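Next, two complexes with subunit A in common: one pairs it with subunit B, the other with subunit C.
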Partner chain A sequence: MIDRVVAKTDLIRSIDRLAHEQSVFAPVANGPQFSFKVISSAEEVAEGYLPTALPPSKHLLPPREALLRFAWHDELAVEPVIEATETVAFGLRPCDLHALELLDAIFVDDKDDGHYRARREAAFFVGIECLEPCDDHCFCESMGSLRADSGFDVLLTDLGDTYYVRVESTKGRDFVLAVDGAHEAVYEDRTRLRKAHEGRDAAFTPRLDVAMEHLPALLAESSDSLLWDVLGEKCLSCGACTNVCPTCYCFDVRDELNLDMKSGERVRTWDSCQLEEFAMVGTGESFRKPREMRVKHRFNRKGRYIFERYGRMGCVGCGRCARACLVDIDPVEVFNQLKGRPVER
Partner chain B sequence: MVNTQTTPHGRLKQSPFLPDMAEIVRKERLNPTETLYVLRLTDGAELGHAPGQFVEVSVFGVGEAPFSISSSPTRGGEFELCIRRVGDVTTAMERLGIGAKLGVRGPLGRGFPLDVMRGNDVLIIAGGLGIVPLRSLIGTVIDERADFAEVTILYGCKSPAEMLFKDEIAAWEAREDIDFRVTTDIADPSWKGNVGPVTTLFRRLTVNPKTTVPVMVGPPVMFKHVVKQVLAVGIPEDRIILSLERRMKCGIGECGHCQINGVYVCQDGPVFTYAELKRLEEAML
Partner chain C sequence: MTEPIRSPERPRVALFELASCAGCQLQILNCEDELLDLLQLVEFVYFKEAMTETSDSYELALIEGAVTRESDEEKLRHIREKAALVVTIGSCAYPVGVPGLKNAHDPVEVGSLVYGEDAGFFPTIEAKPVDAVIPVDLHILGCPIHKDDFMRVLTALLIGKNPPVPTHAVCVECRLKENVCAFDRGLVCLGPITRAGCGALCPSYGSRCFGCRGLCDDPNVASMEALLEEKGKTAEEIMAEYGLYNGYYSRRDGGLKAKVAR
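And then the complex of A and B:
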C-alpha cells in the first residue's frame, strides 16, 4: 500500500479525536516509568518513551481473564466469554510487535483461541520504529526484532517534524487518510527514511556473542552448564521476569463464584514457571523443584523450546526481565556466559 | 482494553475451554479413596476416544482436572473414569449424585500406539493408579484379542486393599489367553499371592525382545526400575511405551504447566516412547 507522510501535530490531533470516540491505548509517563493506558486525550501520550514496565501484549492476555460464565437457575447454563472492545493501540515498539506476532502464531494460528483472537481482531496497531537503543538492557538487534516488517496496521518513523507512515492494511489506510494533510510519500521522504534507517543501523550494535540462529543449539548443549547452578543460587523465584515478559503467556485456570453462589466464572490468570508449585502434582512431587531447573527452563523456553515448536524466537530482546530482576539476571549475560564469557559470581 | 462488548469480527469460534455436558449415569465406590464414575454425554454423542487419552472434567464453581478414560472405546456409549479423591475437584465429584451434570473436554492427548502393538506380544505393566488408563487398553485388547499375540499383564499395588477392579481382575486371571500376574508391596493376612514390587513379577517372565511391546503406567519410581529391566532384555527404546502424569491446567498445549523440557505432555503425550523421553532430563526416567 502507498506510504504516507504526516505532520506530527496533525497525527496527534487525529489521535486526540479518536481518543474521544473510542478506546485508544498508548504509552503514558508514570513517574520515571512508562505504561500503556487507555487515554482520554492525546496530551497524555509520552513521545519517545522507554519500554513500558508491562508490555502491551499483556492487554491481549490480561492478568485475569474470564473464559466461561456459568449459572444455576432452573438448570446449569455455561457460555464462553468472548469479548473485545475496538481498540487503537498507539506507539508499539518493534520488539513488542514481534512479541505480538509470536502470540498470534500460538493463540490464533495454532490454538485458535477465541478469547485471544477476539481481542486481537478488535485491535488496531500503530507501531513506531526505534532509531536508537533505549538502554543498556535492550538487545533487540541481536534477537532480530529491531526491524518490524509485519504485525502492524501502520508503522511510524520519526523524521523530525513529520512521521513517515508505512501502511500495511486497509484499516491502516483509512486511519492515515483521516489525518489532516497526510500526503503520499515522495522521493525526498523516502530518502529521509533511508537516512533514518542508516542512523539506526549504526546506533544498534550486536550485544550477543552468539548468532540468534545458534541459540537453540547453544542451549541444548549447555544443559549441564554450571552457570545454571550459579543462577539458581542468585534467583529469588519471584516471577517478576515472567510477569513483565512480552512473550510469557503461561497461565493458571480456576473457578470463581459470585456472591450469590449461583453463578460464577472460570478465569485464567498469569502464572510463572519460576514458582515451585507450577509443576507440582497430587503426590506433592514437583517436577522442577530445584531453582536452577526453573531458571534453566525459562531461558530454554526463550531461546530454544518456543523456537523449536513455532519457528519464532521466544525472546525479543526487550530487556524488561533484566530491568525487573532484583538480582540482575540479564539474558544478554546469560547467553554470553553460556557462549564462554567468564562468569562473575 | 476493557471487555465490554462482543466482538463484531469474523467467525465467533467458541472457546477451546467450553466443555461438552455429561451426566453421571452410575457411581461405584471402589475403596475409601477411589470411585468409578460412569458418564454419558448429554447430547447422546460418543466420546470417541482411544485408549490412553484423557478428558478434562469440570465441576462448575470448583474447577477442572484431567482424568484418564478408563473404559475401552470398544464398549461404546458410556465412558468411565476412576478417580482418587485428593483435592477440590475430586472431592466435589464424590458429593455429586446420579444425574448430576459435569463438563467434559476431550478426548485429549495422544493414546497408546495400538498399531505398533497389533500382531505383537503385549506386555502391560501397571503400578497403582496406572491400572486406570491401562484398563481401557486391556478392554480393547480383550475385545480384539485375535489382533495380538501373547498378552501379559503385570499389576502392582501398595497393599491388597488398594487393588482396584477386583471383579474384572478375577475375570482376567481366569482367561486362558492372558497371562495376568499381580503383586503387592505389603501383604495382609488374607493375601495369598505375590509380595514385592512389580519388578519381581517381571523377573520371572521370559520375554521375546523381538516381538514384545511393553506398555507401562505408574509412579515415577516404577518407571525408573521397569525401564531398566525391559532395556536389559533387549527391547528397543522406540518400542517401550509409557504414559506420564504432570500438572495440567489447559490440556491443549497452552498453559505451560505440563511441559517436560520442550514437550507438552497434554498434547504430545501423555503416551510416549522411551526413545522420545530419554534425552529429556525433566522426564525423570
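And then the complex of A and C:
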C-alpha cells in the first residue's frame, strides 16, 4: 500500500475525533509509569512512553473474562460470552507488536479461541517505531523485535513535525486518509525515514552475549546450571514478571456460582507458572514445586519452548519483567550468565 | 475436597466472637443486597451483632476474634465438639491481627496500662489465633473480611467445593491493577509474602500491604527479609512490620518461616 506522511498536529486531531466516536486504547501516564487505557481525548496520550505496566495484550486476553454463563431452571441453559468492541489501539511499540503476533499465532492460528479472535478482529493497530532505547532494561534489538514488519494496520515513524505512515491494510489506508492533509510519501520523505532508521540502528546496541537463534540450544544445555538455584533463592514468586510479560498468556478457568445456587459463569483469569499452584494436580502434587524449577521453566518458555512450538521467540526484549522484579532478576543478565559471565551470589 | 455441610435443609450457623472489634460481623450485615438470599441458604442461630436469640445447636461455627483468655480456649473446645465445620473470619482469628500487638510487650505492663489497679481482675494470656487452640477447617481472611469473599466461600462450602482461597501473594493482584509498586513509592510492603484475595486493596489506595491476611502458601521469607534490609530496615523494624498482624506466628520458633496456613 502507498505510504503517507501526516503532520503530527493533524494526526492528534484525528485521534481526538476518533476518541469521541469510538473506543481508542492508548498509553496514558500514571505517576512514573504508563498504562494502556481507553481515552476520551487525545490530550491523555503519553508521548515517549516506557513500556506500559501491563502489556496491551490485556485488551485481547483480559486478566478476567467470562467465557460462558449457565443457569439451571427446568433444564441447563448455557450461553457463550463473546464480547468485542471496535477498538483503535494507538501507539503500540514494535516489541508489543511482535508479542501480539505471537498471541495471534497461538489464539487464532493454532487454537482459534473465539473470545480472543472476536476482539482481535475488532481491533485496529497503530504501531509507533522506537528510535532510541527506552531505558537500560530494554533489549529488543537482541531479541529481533526492534523492527516491526507486520502485525499492524499502520506504523508511525516520528520525523519531527510529521509522522511517516506505513500502511499495511485497507483499514489502515482509510485511517490515514481521514487525517487532514495526509499526502503520499515522496522521495524526500523516504530519505528522511531512512536517516531516522540509520540513527535508530546506531542507537541500539546488542546487549546479549548470545545470538537470539542460539538461545534455545543454550537453554537446553543449561538445564543443570547452578544459576537456577541462585535465582530460586532470590525469587519471591510474586508473579510480577509473568503478569507484566507481553507474551505470557497462561490462564486458569473456574466456574463461579451465584448465591441463587442455580446460575453462574465460567471465568478465565490470568495465571502464572511462577506460582506454586500452577503445576498442581487434583491429588495435590505439584510438578514444579521448587522455586528454582519454576524460574527455570519461565526462562525456558521465553527463550526455548515457545520458539520450538511456534517458531517465534517467547521474549521480545521489552524489559518489563526486569523493571518489575523486586529482587532484580533480569533476563539479559540471566542469558549472559548462562553464556559464561560470572554469577554474583 | 471439603465435604459439603450435611443435614438440615438450611444448615445452622452460629457466629462467635472473641477479642476483636466486631467489624467482621458488621461486614456480613453489610451484605445488604445478598442477605435475603443468604438466609434462604443458611439459618443463623447465634449472631450477637444481629439477633438476641441463642442456640447451642449448629453445623457451621464462624469465629471472629483472637484468643486472649483461658476461658476462650474452653469455649473454642466446646464449639469444636458441637460444630461439623469451624471457619474463622477476619485477621484477629487468623493470623492473630491487632490483638497480637500485645505479645510484643510485657503482659503485666499491658494489663496495668489498660485496666490500671483493677488489672488483677482481668487475667489475660498471650493473644493466639484460633488454630493455635483447635483445628480449623478454613480461614476467611482480612481486616475486615470482604463480603464477596464471605459469600464465595459460603456458597462453595454449601456445595462441597474447594473454597476459592488464593494461594499466592498480594503482588499478583496488585500488578493486575497496574498500581505503582509501593517499593517504587519509597515504602516497604508485605505484599510479596502476604496471601492475596483482597484485590490489593491497601496498595490500590496509595498505602501498602501490612500483611492482614497472613502468609501466602509459599512465601520466600528469607529473600523478603533481604529485600527489607536492602531498603534500610533493621531486624527490629522487620519484626515490627510482621507484628502488626502476624504477632503470634512471627514470634514462634523459626519466625514467620515456621508457619504457613494451608
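Going forward, the second predicted complex is superposed on the first by the 342 of 345 C-alpha atoms of A that agree within 3 Å, B and C clash if a C-alpha of one lies under 4 Å from a C-alpha of the other, contacts with A are read in each partner's own complex, and residues count from 1 in each chain.
One rule holds for everything that comes next: contacts are C-beta pairs under 8 Å (C-beta built on N, C-alpha and C of every residue); 3 or more make two chains touch, one makes a residue touch a chain.
As the structure is a computational prediction, the values presented were derived from the model and not from experiment.
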Per-residue touch tally on subunit A - higher for subunit B or for subunit C: B
Partner chain in contact with A:239 - subunit B first, subunit C second, else both or neither: second
Which superposed partner A:254 touches (first subunit B, second subunit C, both, neither): both
First, second, both or neither for A:127, with subunit B first and subunit C second: neither
Subunit A residues contacted in one complex by subunit B, in the other by subunit C: 254, 257
Residue ranges of subunit A in contact with subunit B within the complex: 23, 25, 38, 59-60, 62, 66-68, 70, 76, 78-85, 87, 106-107, 110-115, 117-119, 121-123, 223, 249-255, 257, 264, 266, 268, 271, 273, 278-283, 285, 287-288, 293, 297, 300, 304-305, 308-309
Residues of subunit A that touch subunit C when the two form their complex: 30-33, 35, 52-54, 63, 233-240, 243-244, 254, 256-261, 270, 272, 275-277, 291, 324, 326-327
Residues on subunit C engaged by subunit A in the complex (per definition of touch): 34, 37-38, 41, 151-152, 155-156, 158-159, 164, 167-169, 171-172, 175-176, 178, 180-181, 183-185, 191-193, 217-218, 220, 222-224, 226-227
Subunit A-facing residues of subunit B, complex: 1-7, 9-10, 12-19, 21, 58, 60-64, 84, 86-87, 101, 103, 219-220, 245-247, 249-250, 252-257, 259-262, 281-282, 284
